[in-house]
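As written, the chains take the letters A, B and C, and residue 1 is the first residue of each chain.
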Amino acid sequence: MKSSLTEGAARAQLPAALPEGNSDGTSNGKKDSKQDGKLSLFRLLLKDRFATVSALVLILIGLTALIGPALMGDLATKQNLLFANKAPFTFAHGWEYFLGSDSLGRSMLARLVVASRTTFSVALPAVAVALIVGSLWGVWAGYHRGWRENVSMRIADVIMSFPSLLLAVVVLYVFSPSSANIVLILALTRIPIYLRTARAESAELQSRTFVDAARTFGAKPNAIIVRHVIPVVLPTLLTLATLECCYVMLAESSLSFLGIGIQPPDVSWGLMVSQGRQYLQTAWWLSIFPGVAIVVTTIAANVLAAWLRIATDPAQRWRLALPRKRLIARIPAKETQP
Amino acid sequence: MLIYLRKRIASSALPLMVVIVGVFALARMTGNPASLYLPLNATQQMRDAFSARNGLDQPLPVQMADYFGGVLRLDFGQSLRTGQDAAAMALRAFPATLQLAATTMVLAILLALVVGCWAALKPNGIADRISSFVSMAAASIPDFWLAIVGIWVFAITLGWLPTSGVSGAGAWVLPIATLLLRPFGVLVQIVRGSMVSALSEPYIKLARSRGAGELRVVTHHALRNAAAPALTVAGDLTVGLVNGAVVVETIFGWPGIGKLMIDSILQRDFAVLQAAVLLTAVAIFALNILIDMGYALLDARVRPVTVKA
Amino acid sequence: MTSSSKLPFSAGLLRWPALASVAVLGLSGCSVANSDAGAASSSTVRVVLAQEPPTLEACESNLTSTGVVVRSNVTEPLIERNPQSGELEPKLATEWKATTDREWTLKLREGVKFQDGTPFNAEAAAFTIERAVNSKLGCNVEGYVFGDADLAVKAVNATTLTVTTPEPDPILPLRLSFLEVVPTSTSATEKVREPIGTGPYKIEKWDAGQKITLSSWDGYWGAKPAYAKAEYQWRSESSVRAAMITSGEADVAMGLSPDDNIGDLGVDYPNNETVALRLDANEAPLSDIRVRQAINFAIDKEGIVNSLYQGKHQVAAQLVPKGIVGHNDALKGWPFDLDKAKSLVAEAKADGVDTSAQISLVVRSAQFPKITELGQVLQEQLSQAGLNVKLKMLETSQHLTYQVRPFAKDEGAVALMTQHGNQAGDAAFTVDQYMLSTGAQSYFGTPEFDAMIKKADAASGDERKKDFEEIFAYQNDKVVQFAHISHQTGIIGKAKSVNYTPNSSSGDELRVSEMTPAS
């Protein structure tokens, strides 16, 4: 009984789930968008300026993280104590100091670039691990229901009420403060989010006719989960994962603030914000630039995720297909419809 | 409902035990606190005496049995750091965090409902764009950074608010504003999303066709359905606040449970850590139960499912 | 339509948040919100510390966070060390002398009362020593100042006390200056969070987590202090402490960083802390003295002091700053000579030392301002000299496993960043711990060096001074366990409304009676 109560709760974890949950055509929707193919999705993207810009920003940041560190060489670690805290936005000291220098005279630009890789190499694996473990577990628990579901939900409760700070200290103490270990902590603490969402979706799906049909034809539970449940649940979970990237970046930065996150000489955006905070009054750029990097990345990812959510949902998709002017004109018309 | 409540409470006991056992074991993996509490040049005898005095020389299962024996007698042990009763310290710190978290969430929900509905009336309109941009930005700013900038701007430059502390109503503003942003940012998007889809549902069209006013449509029909997900997400965010007020409490000198927890972790003050974790875990479990019940009350749609299960 | 749709609430939906708000408001009335805003008044001085004192127990007052509130405010010692001159001065004892080589006789001040009204006498002094040094209480001051030695104490009469040490101890009076005197009514079996003392202030109220208030005590034997009350709060961010001075919420702020940028409200003072790298000679490549010398040559101390600390610190050549008995004025910091460092490393390599073995540079996060930056600078500079250095930033407890015996094992070569503060004023407190081959914070020593230290410990007067000076020179020439970096300068934030001149002991013993309102 209890499980059905949380079901709705977990589904409501994210807005993405709602259109699909409300309109019964979730599964059909996915098929439709697949038939349309990638090209039309791309055209739709170009129609939405905000989404296009977001996509470009993300691609740019992704490329930076991928190849930037190699281009920067040792610029990010080259210190010059006589050249500390130089103000940004001037080419007087060469392009590498366009964003100023940090408290040890290192190029802010180079450090931001190198930090982007660390930031993503923490955020993406943490989200990926939590997503995979949490989703599979949740789908499995939701499909089978009964004690498996109950035990899983109680485990999620346990993880959620466990202080992640303690985990961080334990990991730092027993292992070493590497980014791999930060990934471990963040992944572990975020598993319940996916677990709860996936379980709710899957619990609802397992009672649907197409799953029933598969069952009557003698398909094994695991095969049904893989073939019928996961494909339907996946878009919701992926959208959730996009939102979670932001949370994980912030969590990593909070750990740095408390002194138990990424440790120098490694550098991440979160660590840069945290280390730069003491210079807020003397050299604001040390913490503002990495902060802006986090905010821009998050907004871009969110805008794109929101767009993708609509674009893959047949009940909403017409909004994107319409030319902008007609779209705006249409809504009031709809509202005043008697 | 009462049966359900009883069942939920009963089924929470074991997970709570697991939390405590986990904290107990993990905390002891972080090393013997002797070096932290003894002078740097303490001899081995002094270290041994310290361990014996605090029962740290026993094997882990024995320590744990002792601890649970104590818990049954409501004895949660003594703080290594202050020598005070651990449970008393946790209970003293908890209301401060609870007040902060509750005020923050109430404000976040109210603000998010207004902004979210406003945005949902014209999907992709100007209001929608602005509010989603603002809410996403709000949700992605590092909180400690915001807190320090807030102090700088509002306490030092403008002089409107105190920098920190707990004295006076003004002292609440910055901590709450700092804590508020993320829940607000997330909730706006939730409310907006569910309002947009609720407003395009057939029953809304039906209500409109029956001549219901727009205000009535929004508040009575759409919002009622959109509020349920907002409530549940708000619940999850509250759990995050209770656990995560550490940063804000650290910066503003707010004497709450988050600060107590991080201090006792860093100071290896095991008894206090366990008491604080137990208290927050109980609160979180209770909150989860309340959320589920609230959800069931608010959203009539899940009731048939309830019967089925 | 548009205007009305902006108020999308129904009464039913408002009910929940409204109920919650009421509950919240109800709650806020009770525990946290204190309505007194601690307004600036000339009769109260408001101090903001870096952390809440764990306890105010007198026998733990050598802990910085406890001592800064208790010492010389609530409780007083028998003998007091003048932080400026380094001389011992009478406090609750008026005179003292060595009657034999192991026995000291102290004459106590008359007419002094404890804050509970009981008289201060030899019995109380004897009780204090017994309680802190000889009992099973496990007082911090016992381990820090007295070690294993038990003292024999005897109250000869009401105003005369004799103290006998197991071994001759020429600096017993200095050690006694760490003991804060408590009345015999104090528990001898439990630590006491709020002690009673003979000081000018008594503890009025401790709002755990928020504030400690001291109020001046009318029965004090000495001059009445200028401030009627002292309020202590604590904030862990130094920028917030600085902000409280700027915004007028506090009068004195401890432990600020040069980048908190509070201009002329910041007052510099020498805080007696010295930063150095401690090198573990038990592991290659640090086992070779040339590598340890190379590290000394490779560190650009001038650059660090000038750039990171805005020229406020001094380049260090030894573990104790000027003003400590035994400080060797003739020693100069190792010159910054990267070529020399490189050639020393190359020489060691040619002789078969594995100079590519990893050296862990172990640093405690947040130990002092800009320590993270310093760690990164050192890593870079040592790498320049051709060494393989890995920076390890650790939290306090973990750092301690590297800092004190028994040292963490199987860690390879360790260069540990240590911040040493000698608050006693005598080099013995430094040398015994850091340089004896069995010292709690020493990796190694030599028999010859140990003998020099033992000799200095037992010496007194000018000879003692000379012996310790030789020890510091010898460490730099022959032992090289340390690569000294700088003697630090602390910053106290001070509002214009308060007159106070910090000194080298202000961080451990902030005497409110030395503060006066500026008007």
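Note that in this section a contact is a pair of C-beta atoms (placed from the backbone, for glycine too) under 8 Å apart; a residue touches a chain by one contact, two chains touch by 3 or more.
From a predicted model like this one, the values you see are computed outputs, not experimental measurements.
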{"item": "Closest chain to the centre of mass proxy, which here is the mean CA position", "value": "B"}
{"item": "Contact-richer chain pair [B-C vs A-C]", "value": "B-C"}
{"item": "Between subunit A and subunit B, centroid-to-centroid distance (C-alpha), Å", "value": "21"}
{"item": "Approximate Å spacing (C-alpha centroids) for the pair subunit B, subunit C", "value": "36"}
{"item": "Between subunit A and subunit C, centroid-to-centroid distance (C-alpha), Å", "value": "45"}
{"item": "Junction residues of subunit A - those touching two or more other chains", "value": "169, 173, 277, 280-281, 335"}
{"item": "Sequence positions of subunit B contacting 2 or more other chains", "value": "30-31, 121, 148, 152, 214, 250, 266"}
{"item": "Interface hub residues of subunit C, defined as touching at least two other chains", "value": "1, 239, 395, 397-398"}
{"item": "Touching residues on subunit A, where the partner in the complex is subunit C", "value": "77, 79, 81-82, 84, 103-105, 169, 172-173, 176-177, 259-260, 263-265, 275, 277-282, 335-336"}
{"item": "Touching residues on subunit C, where the partner in the complex is subunit B", "value": "1, 4-10, 12-13, 16-17, 20-21, 23-24, 27-28, 30-38, 54-55, 57, 136, 138, 140, 142-144, 147-148, 190-191, 193, 208-210, 233-237, 239-240, 243-244, 246-247, 249, 395-398, 400-401, 403-404, 406, 432-433, 439-441"}
{"item": "Contact footprint of subunit A on subunit C as seen in their complex", "value": "1, 238-239, 257, 259-261, 300, 303-304, 306-308, 365-366, 369-370, 372-373, 375-377, 379-380, 391-395, 397-398"}
{"item": "Footprint of subunit B on subunit A - complex, ascending", "value": "1-16, 18-19, 22-23, 50, 145, 150, 154-155, 157-158, 160-167, 169-170, 173-174, 193, 207, 243, 246, 249-250, 253-254, 257-258, 270, 273-274, 277, 280-281, 287, 291, 294-295, 297-299, 302-303, 306, 315-316, 319, 327-328, 331-332, 335, 337-338"}
{"item": "Residues of subunit B that touch subunit A when the two form their complex", "value": "4, 7-8, 11-12, 14-15, 18-19, 22-23, 26-27, 29-31, 121-125, 129, 132-133, 136-137, 139-145, 148-149, 152, 182, 186, 189-190, 192-194, 196-198, 200-201, 205, 208-209, 211, 214, 228-230, 232-233, 235-236, 239, 243-244, 246-247, 250, 261-262, 265-266, 273, 277, 280-281, 284-285, 288, 291-293, 295-296, 299, 301-302, 305-306, 308-309"}
